[in-house]
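Chain lettering (A, B, C and D) follows the sequence in which the chains are written, and residue indices restart at 1 in each chain.
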Amino acid sequence: MAIRCFCFRRLLVADVLAVSPDEIDPDSLRRQLFNPRAGAYCGFEGWVRNLNDGHEVLRLEYEAYEPLAIKEGEKVLAEARAEYSLLQAHCVHRTGMLEIGDCAVWVGVSSAHRHEAFQACRYIIDALKVRLPIWKKEHYANGDSGWVNCERCTEHGQSTT
Amino acid sequence: MAIRCFCFRRLLVADVLAVSPDEIDPDSLRRQLFNPRAGAYCGFEGWVRNLNDGHEVLRLEYEAYEPLAIKEGEKVLAEARAEYSLLQAHCVHRTGMLEIGDCAVWVGVSSAHRHEAFQACRYIIDALKVRLPIWKKEHYANGDSGWVNCERCTEHGQSTT
Amino acid sequence: MKTIRVRYFAMFRENAGIDEETLTIEVSTATDVFEATRGRHGSSEPVGHCKVAINDEMSDWQADISDGDTVLLFPPVAGG
Amino acid sequence: MKTIRVRYFAMFRENAGIDEETLTIEVSTATDVFEATRGRHGSSEPVGHCKVAINDEMSDWQADISDGDTVLLFPPVAGG
């Protein structure tokens, strides 16, 4: 209760996009979006799955060019804020080697009403996936590996999530 | 790591809708949706906000007719599963007295791709809000209280989130 | 005449001052039950904004009522 | 002739075997840089599928290159 009141009293924090080699903690992230005017929260997580385009995937390796990923990501958050009526919007994208089930990307949005939360969350993840300088390499069960969108996937127009 | 592997080995659990007087723990709930084939997770939370339709709200009181709320809620989850390609879909709705910032309802969906997760999550919350025998009474700063949709809100066609 | 159990929820229960009662009345549909008990539930809402369940199954206002049924009268819902 | 720094990322870096290099070449646009370094980055992708940044600003393939610029060559992105 004390913690909750503290959160409500502080000023709104700026929308943030972070790129990090550390495990994503969605629960602590969503708490940062608490706001007494918020009636709705929508969260999206991209998880590493064991199958992509028919290939058995063992793990994924993410590389980001962090300065521009952050700059472009915060542009995306600003666009979402300009288009939808939001209270907070945050995003974190992982880098490094990820295992099946790991959270690769988290997007969270709070707003007064649910429509805006859903719309903005979807807008953000759709834009992040195609605009941020982030790349992923899939490591397959057969020992091969491949950069997604560069090799196999461009032939089929597939994306991971 | 041991925990993650355990989760992946167990069979898919049935889609579940629960009604509970206990605080909702979104983090433990989302973990139940882990699945090695899941590339996407979408979560929605309805939070108690301090303002509705221009009235300052101090707290909300939820009443549910649990047997039918569960039966109808599980129908909604089954419809979502029939319409979208889902791996898991769960929902929990609170009852009792809730304070500003409390989570009144949580919906979580996992699927291979993000489009289905967003669509199904939205379908579920939209349907829950209009079909489940659940009612809420707002308690206002001026000492008044009112059943939402029964008194004030029907005049304006407003809902909370 | 049918003997039915009527249960009131949320605002209807508060207005009625009771959770439920057993009535022996002349009714054929769920709508008839809603109208016959208006003095209890005191709804200012049209029946179409409310919901009804019969014997723990969601139903509709045109449904037939049988002797021995339990009729649940639900004011407009507001989950979430 | 312009002296520019070219940086390679992800698959382009792996193909080039280097992170970056300084080149003195005849180029006017970012596309020219992409084509002039094809032997390094080895892209099998058309330039339109790739992205470019100039001096840490996202740019486009028609952008002019000035002497002293740093050009970042990005293979097709795949975040999320």
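Here, a residue touches a chain if its C-beta (ideal position, glycine included) is under 8 Å from a C-beta of that chain, and two chains touch if they have at least 3 such contacts.
All values derive from a computational prediction rather than experimental measurement.
> Quick check on the contact network: minimum steps from subunit A to subunit C?
Steps on the shortest route: 2.
> How big is the gap, in whole Å, between where the Cα atoms of subunit B centre and where those of subunit C centre?
About 26 Å separates the centre of subunit B from that of subunit C.
> What is the distance in Å between the mean C-alpha positions of subunit C and subunit D?
Spacing between the chain centres: roughly 72 Å.
> Roughly how many whole angstrom separate the Cα centroids of subunit A and subunit B?
22
> Could you list the positions in subunit A whose residues touch two or more of the other chains?
46, 114, 125, 160-161
> Indicate the residues of subunit D shared as contacts by at least two other chains.
Within subunit D, residues 80 contact more than one other chain.
> Okay, what are all the chain pairs that touch?
A-B, A-D, B-C
> Note which residues of subunit D are touching subunit A in the complex, please.
Those residues of subunit D that touch subunit A are 9-11, 44-45, 49, 51, 53, 56-58, 72, 74-80.
> Within their complex, state which residues of subunit B touch subunit A.
For subunit B paired with subunit A, touching residues are 1, 4, 7-8, 26-27, 30, 34, 36-52, 99-101, 110, 112-114, 117-118, 121-122, 125, 160-161.
> Mind pulling up the subunit A residues that touch subunit D in the complex?
Contact set of subunit A toward subunit D: 46, 62-65, 67-69, 71-72, 93, 104-105, 125, 128-137, 147-151, 153-154, 159-161.
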